[in-house]
Amino acid sequence: MDYFYSYLILAEIYVLLGLSTNLLVGVVGIFSVSQAAVFGVGAYIVSDFLLSGTLSFLPALAVAAVACIVLNVLLTLPSLRVSGDYFVVTSFGIQLLATAVFTNWTGGTGGANGLPGVPPPDLFGFPLEETRQILGFTTVAAGLGCLAFWLAMRAPYGRLLKAIREDELAVAAAGKDVLRAKVSAAALAGAFAGVAGGVYATYMSFIDPSSFDLDASVLLLTMVVVGGARTLAGSIVGPFVLLALPQLLQLVAIPTTVAASARQLLYGVLLIAFAVFRPQGLAGERL
Amino acid sequence: MILELAGVAAGYGSKTVVSDLSFGVEPGQIVALLGHNGAGKTTTLKTVMGLIAPRAGEVRFDGQALGRMPVAERVARGIRLLPEGRGIFPDLTVAENIDVVAARTGAQGAMLKPADVYALFPVLDERRATRSGSMSGGQQQMLAFGLAILGTPRCLMLDEPSIGLQPNLVERLFGQVRDVCRAHGMAALLVEQNVAAAMGLADRVVIMNNGRIVFEGLPEEARASNVWHYF
Amino acid sequence: MSAYLEVSGVNQRFGGLQALNDCGFAIAQGGITCMVGPNGAGKTTIFNVITGFLRPDTGHVAFRGRRLDGLRPQAIVAAGIARSFQNLRLFVDLTALENVLIGLPSGFGEAPLGALFRPFHTARLDRARRAQAMERLEHVGLADRAAEKVRNLSYGEQKLLTVARLLATGAELLLLDEPASGLAAGALDQVMALLRRLQGEGKTLLVVEHNTRVVQQIADHVLFLHQGHLMAEGTPAQIIADPALAEIYFGGAL
């Protein structure tokens, strides 16, 4: 049963990341391949505060969210100058840079060895040690994230972001501030990723750079493509389906040594298959 | 008949846009395909070009049913479409656009060559080294037309070629279409909203309404008929 | 007294091409001014300069006596000038109504904090905005197409929709780039009637148009642009009768 709970917890954390990526890539059309880097920064900030005992969980999470808002806005700024393919390249570079920092800055991140022993999350002094308690917490967090995404999308704000994805110039000609809208979307996406990072670190109690590398960013994009762009349902379905697959793989008797590569292979095949045969994903629209 | 449609129906998704289309174009002939916006004219041209597959009926070219022949093969046989909007490569220069298309369309005998295009539109000659996407809308339209007639297709389909062109250029362009048709036996199928100009140019007129043909005949018959309430 | 819109001494080079060459003209309030001229004469470029999408190398644009130098496009819309595009630039995956909603001046719920923390207020105000947008659609005769995605509208309907989106901005000076091109006679008459109605409602229109019949029927004043410079101006009859202009532009009767 714990096994199933842990699947649910992880999937809910990835729902927050899926919302973040969908908002940026699906809704606004800023094709970022560095969302895992922002996720990582959130995770390391919360871990460092908890390990050093400087802040408790919720304040640490708030600091991580703010830091990731600022970071994501900075990372997205190049999209205002360079568009399309060039931004993807820029974003790719940012992700590689982040992985390098995570791996080498041993003082803050523990380097390649990672940070073990991150304390479990606590709410106002009550530590959430039971898996079911944590599941309750992540369910509330993911639920709030979904509510925020839903409210934003049905408001004039969501409409404005979708219009920007289609034609920035026409939005400017209609008298709208494109810059402000893009920056605010990046901020919102940053907050989601930062919170997801903090929750992830405290649940796993161990983090290392492999969770925040390019593969992880591509996994987030795959979730958006498989789930479906621009819809709340797509952002939820994607993580649940993709995280279920490795579990299913374990039912097939394959040696653990090839399990990781088998998983990557499966993700890659899915990404291609969906892009070609079902670009609207399971429950969304075309990217 | 160089081009013949027999009972053609076509559409997008679950929607059938045109149905029961039957008409033909002879070599050297200019047929104007007229109708209000949304009547199905562009869909008809796309079906002939192979960009959409017919749901019923048959498109024949030079006596041969085209079936599901790919677009490139249709082009190689001499069917050409000047699409609505601009059929150019915006990141290439004017000269590159022309060279790319000229290289694909051969240069035997009396066929129209790059020099003929530059002679027709001197402004393209002046702008050979300009990135074509940075030219004005009308100039891009001239280039698109120039690309469409390179190598002299056997059947040229023009989708609203006059959009955005200054009046005297529209005259020149239509005159050029007529000359090429007369001199080289090219057939032309012209979709145009400038009805007066199109009727002056065409040998035959086909009028569509809501995806069906409501009139086919000579321009003078069209003028005398009661089909104009469709516009 | 200064003119309603005044363009003076504008020069704009693109690489080796002098797109605008000491371009200057003025237009009066309340009229329909048509701008004609050969392809590449700089008509769309001057639109881009007036609406802040291009900063000219030299020269000024003044609106109601106020210089617009260096203002960003959204500031110019706020000042009361809005434009449409030759290639429409509608949001084709949004509905007709949503396109008009984007045109309306910014309101509550267009920034994330309002949308997230005052959802009911946002929804209430958005309902009011939808009603407003619906009025604009009715104005151009598209009310029954409000919920349709733009990609499913006919070309004529899309052209009308660009005018509705333009109207939504509330701008008083409307710059229209070829609003009638590619329209069948019926739709053409509809667009011309709409433009005249807008004039009657107090809008001022500057229209780029190649269709001589349209120019004759709607223009109070015609500006003739050639090689980036104002070559002539006058009434439609004066411009069309000018043999020099006929030579470079109009040609024989079409």
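Which chain is which? They are A, B and C, in the order written, and residues in each are numbered from 1.
What we mean here is this: a contact is a pair of C-beta atoms (placed from the backbone, for glycine too) under 8 Å apart; a residue touches a chain by one contact, two chains touch by 3 or more.
Not measured: the values here are computed from a predicted model.
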item: Required steps from chain B to chain C (each step between touching chains, minimum); value: 1
item: Label of the chain whose CA centroid is most distant from the centroid of chain B; value: A
item: Separation of chain B from chain C, taking each centre as the mean of its C-alpha atoms, in whole Å; value: 30
item: Computed distance of Cα centres, chain C from chain A, in Å; value: 42
item: Where chain A and chain B are represented by their mean Cα positions, the distance between them in whole Å; value: 50
item: Chain C residues touching chain A - in the complex, by the definition given at the top; value: 51, 53, 72-74, 77-78, 82-83, 85, 89-94, 98, 101-103, 105-112, 114-116, 119, 122-123, 126, 129, 165, 168-169
item: Residue ranges of chain C in contact with chain B within the complex; value: 14-15, 17, 37-45, 86-87, 154-157, 178, 181-188, 210-212, 248-252, 254
item: Contact footprint of chain C on chain A as seen in their complex; value: 148, 151-152, 154-160, 162-163, 166-167, 169-177, 180-181, 184-185, 187-188, 285
item: Complex contact set, residues of chain B against chain C; value: 35-38, 84-85, 123, 130, 134-139, 141-142, 160, 163-172, 193-197, 231
